[in-house]
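In the two complexes below, subunit A is the common chain; its partner is subunit B in one and subunit C in the other.
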Partner chain A sequence: MAEQLATGSRRGLRPALPLLLPAYLWLTVAIFLPLSAMVFFSFMTDLPLAGKEWSFTLGNYAAFFSQSLYLTLLLASLRLGLEVTLWCVVIGYPAAYVLAKVLKGRSREAIFLLVILPFWSNGLVRIFSWAMVLREGGILDITLNAVLPFKINIDLMYSYPAVIIGLVHSYVPYMVLTCYLTLQAIDDSLIEAGRSLGASRLQMLKRVIIPLSMPGLIAGAALIFVPVVGSFMEPRILGGRTGTFYGTVIEDQFVAVFNWPLGAALSFILLAVVLVILALAAPVLRRAG
Partner chain B sequence: MAGVQVSNVSRSFGAHKALDHVSIDFPDGGFYALLGPSGSGKTTLLRQIAGFDFPDSGRIAIGGESVERVPVEKRRIGMVFQNYALFPNMSVADNVAFGLSVRGEAKATIATEVQRALDLVQLGKLGGRRPHQLSGGQRQRVALARAIVTKPRVLLLDEPLGALDKALRVDMQIELKRIQREIGITTIFVTHDQEEALTMSDRIGILRDGRLVQEGPPEEIYDRPQSEFAATFLGDANIFRGDATGHGIRLPDGMTIAAGSGPSLAAGTKASCAVRPERIQISTGNAKLDMGNANMLEGQVSKRIFAGNNSTYFVDRDGQTVKVIVQNTGAERLAEGQPVVLSWSPESTVLIAA
Partner chain C sequence: MRMPRLTAFLTATAVFVSAFTFAAQAAEEVHVLNWKGYGADEPWAVANFEKATGYKVVNDFFNSEQEMLTKLRTNPGLYDVVMINAAFNDQAMAGKLIQPIDTSKLSNYADIAKDKAGSPMLNHDGKVYGVPWVWGLTALAINEKSFDKPPTSIAEMWDPAHKGRVIIRDDAVEAVQFGAIASGQNINDIKDMGAVKAKLTSLMPQIKTFWSSENDWNQMVASNQIDIGTYWSGSADRAKTHFKLPVSLVIPQEGAVAWLDAFSIPAGSKNVAGAEAFINYMIDPKFYVEWVTKVGAPVSANTKAVEALPEDAFNRKVMGSPEVAKRIQFQAPVTDEQREKYLALWQELKVNVK
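Right after this comes the complex of A and B.
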């Protein structure tokens, strides 16, 4: 397989160049240059704006290690990423399975549209609409009180669960889509073969379907975990005082404190940590897939 | 091991009758081919027997036990799929072991049984490979080993050789037949390839539009087809249409054809006669004719196709083209355009009700 890919790319690279170039040029300009600038900033004492004095320093990185707050927040953000990813698997995988293997034709299209719908709405609007639902006396409270015989007051707003709810809502479509793609690629005759051999549905799920859809689960998890660890919008709006995470601290450095060098350094530490986690997970995940 | 009885099974998908009151008795230990064109219902019938789908009405019994409402995982059948359906995430040995391991058999038992099954299909050394590292024929064998290792009551094969090339297919036909004989399992084999059905099976059932057209041993169906469809679908046949005369027909031009077998039909009803191309003798007018060949027609060679061991002649007569296959015995070959006499015996002729 790897060999095939290698020969394929060698043969195909030269004529493919005009097709590849625009995308890579854009990526270079839009990502690589700003990132390089950020790397540069992260080693400066101050922004080189308005003629301020500056010099090179490692102090911004040292700040991370000298104050335990940053590490605590980073761990909290990693835990947040893990929890949101897990909830997305729990909620998204069954939905992807039904979309790929149970529904056919028009009903599949309709349900699919509902999954993709969040992508079409503005992220900020989505989060604020959650605020309307979750706040004290909000839509959730009103609905529950209309249904339940006793008075209930679920004040989820400005809490950790509210952050989780908002983030899972934003990111679960990624899990549904990536899992849908791998589940759909599983030939139905494999499931029939398993059943003809006497396997129960649970055994089929455990031994055939989940292993074969592992690439989708991994891709979905990576797509969700990485941005959630650095997320700041949902924690700030839905979490309130409890919503202080690593991402919000970075955001503060850029928009509130105007300490861009520290913000940049914290960002690269996050990037490094996430890359290390992905690298450590890769062999395990590759074997599972 | 067990025979399978299908009685009056019907299954519709919307307005489409996929199976229409089909009854077949699959003998214990026999090799049975379900033959038919695509859309004839043969795969639907196999799926009812397997338990992937349940009939709307009728009864299916395996070894005398009614199973028409038993789901597939409880039917104790083995199935080989057209695309093999091997689990790509498992090794060959794990694929074969799957059926035993979901049943919770002991590891040592599984290992012995898997090795025995792999040896039976002559893949004893390839247990560690992945399915994608195998050739089509090898995958086929793995699929077969996986299906029989659990000692199922019935082996169901859904066009298992369809994806193989011609030479490999012939090899696998012989191999499949050998394995089936060796373990003596009742086997039901779906195919649209008439040659495959003829060479491999003890009995053939021909399906068309969800109905059973005819069933019986291959020789019987080939020699005594009961319908034009059976005659032309299983092998090649010349069909002559006319009015019944009792034991034969009268063609529109007044010539008569005598038939040695078939139903007795009231004189004057529409009927046809089927004759296999290899049963017809072709000769120039002055040659001496075989006295037994009471049926005789004159015509003109329109085309000859030479195929080495035999030649096929297309002979035109009265608006019809008759196909004749002649063995290459070194005798004189006939030229296109030559007037000829076709003759054959009533025993080679089957009367068919229209």
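Right after this comes the complex of A and C.
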């Protein structure tokens, strides 16, 4: 039996190789090699360009711990990641539920399209359109003042809320998509059974729907949290003077001061912290699921 | 079946290869690296130059001096002309990023003001590494709609009336040097960093956002979101002349940072002759007068070019006046050590805003 299984899997692997090869070749060339170069850089004192002297050092990693600046920023970025993920759940999950369980046919397709639409537009275009909406004398300000009987002053531009709004807008489709897939897979008869056994709507949500759609929620949260923690474009453009985050400092190291070793070290510290958080969260979330 | 296909494949490859070599041979291109919207990429200027010389100009841009150095380091041989702030010339030369220039090939070089051409920042071991192009100030600019009468002091930036309507550039060196002027110090020899820090710390709550390109600044004024901020003299002129924005330059009584921009030829340039022709065209009085009239520009380093301006032109009357010359401080090279210190201070200030 064991032998049979072994040959079976071997037979299964060999024909599968040509199918796997392009993906792994691509991963090796496009991700693994540059990433290992970056690991290498992060232990160097300087880039070996134009005959500059360099040697190996742990100094770039030590820099993170020697100044409170980087830790403060990392915490701020983690908070940003949590808040954006939370808002994506609050906004995205109900939408996914309606898409999966309430709407059918044409109307579902139409709403789905609206959800996906932000994906098809360029990130910079999205951010600059937010800039037009959020600023003082912008679209939001003018519209609200035209409708409301009293005068209010809306100037959200260059503030922390603006960063949150921009990021939530960019990332909410991930949450809708992942939750939609798991919610759609829930058998309607389970919901009917629950109802017929006298469960209230809230009980149904808590005991049946959320647990069954947990994998989607977790996948969505991970997909959103990780890039948001390292984001730099949205904070820089929408955040103004409050827009300094861990991601913008890494960008500065690469673009503004040409300190690639420090930038690489900061990136890998971020990667490590994010991995630790995901690893710690995994068992808790799995139990919840 | 097999042979024709192979032949077809080989032919296709040959065509591709020859297309590539053709493209490489047609390298009568001059690749220019400069700030966006800073003279070298003016469509009329490019067209004039191309018509006169037959070279084709390819422009590329940077958003900070550090980005410019990064681009030179990571793309050796790509660029033929690069515009470098004289204070960074040292660093570019030490990194072997630029090569000496044969000024005998530049017919306009003799007309460049002697103090600029002879600047120790551009000359190393008797060789010229940079051709002075224009100079200007990092001073203040105001949104004319917010002022009845232009302010005269740098202290205006700290006036609570402008809270949340002040803008400064996201650049550690510029911010620190600005703080030095505000605290009455020499920008090239800052003795009291504590005073600079205190000045900038109290400025932070006044600030709306940081700018990094001319476009940022102009948009903020166009949408009436700022009153006052640090700006470059040439950019303020351009905002007024070209974009018709209510912007005017203020040279505060406390002083201003002066800079000198120069053209260099990157090491490994594939078209040195084209680069020389382009640089010579850039320092030509004809180009300069057209640039000032049509678009707005800083002050040319070419004395004949400035003399070609009308008597009352800002770049001739105000910028050329001895009274202004007394107030301004020319930027000297900043060492890596100083730059790191300034950056640490600047990052700390930005983080403490949170």
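Just so it is clear, the second predicted complex is superposed on the first by the 278 of 289 C-alpha atoms of A that agree within 3 Å, B and C clash if a C-alpha of one lies under 4 Å from a C-alpha of the other, contacts with A are read in each partner's own complex, and residues count from 1 in each chain.
The rule is short, and it goes like this: a contact is a pair of C-beta atoms (placed from the backbone, for glycine too) under 8 Å apart; a residue touches a chain by one contact, two chains touch by 3 or more.
This structure is a prediction, so every number in the text was calculated from the model and none was measured.
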| item | value |
| --- | --- |
| Overlay on subunit A: subunit C relative to subunit B, clash or fit | fit |
| Contacts of A:Asn153 with subunit B and subunit C, given as first, second, both or neither | neither |
| First, second, both or neither for A:Asn122, with subunit B first and subunit C second | neither |
| In the superposition, subunit B vs subunit C on subunit A residues touched | C |
| First, second, both or neither for A:Ser55, with subunit B first and subunit C second | neither |
| Contacts of A:Gln203 with subunit B and subunit C, given as first, second, both or neither | first |
| Partner chain in contact with A:Phe258 - subunit B first, subunit C second, else both or neither | second |
| First (subunit B), second (subunit C), both or neither touched by A:Glu136 | second |
| Apex subunit A: angle to the C-alpha centres of subunit B and subunit C, given in degrees as a multiple of 10 | 150 |
| Closest approach of subunit C to subunit B (Cα atoms, Å) | 44 |
| Subunit C residues within the subunit A interface of the complex | 63-64, 66-67, 69-70, 73-74, 95-97, 204, 207-210, 223-225, 339-340, 343-344, 347-348, 350-351, 353-354 |
| Subunit A-facing residues of subunit B, complex | 50, 52, 71-74, 76-79, 81-83, 85-89, 98-99, 102-103, 132, 146-147, 150 |
| Interfacial residue positions of subunit A with respect to subunit B in the complex | 1, 187, 189-190, 192-200, 203, 207-208, 211-212 |
| Residues of subunit A defined as touching subunit C within the complex | 47, 49-52, 67, 69, 72-73, 76, 135-138, 157-158, 240-244, 249, 252, 255-258 |
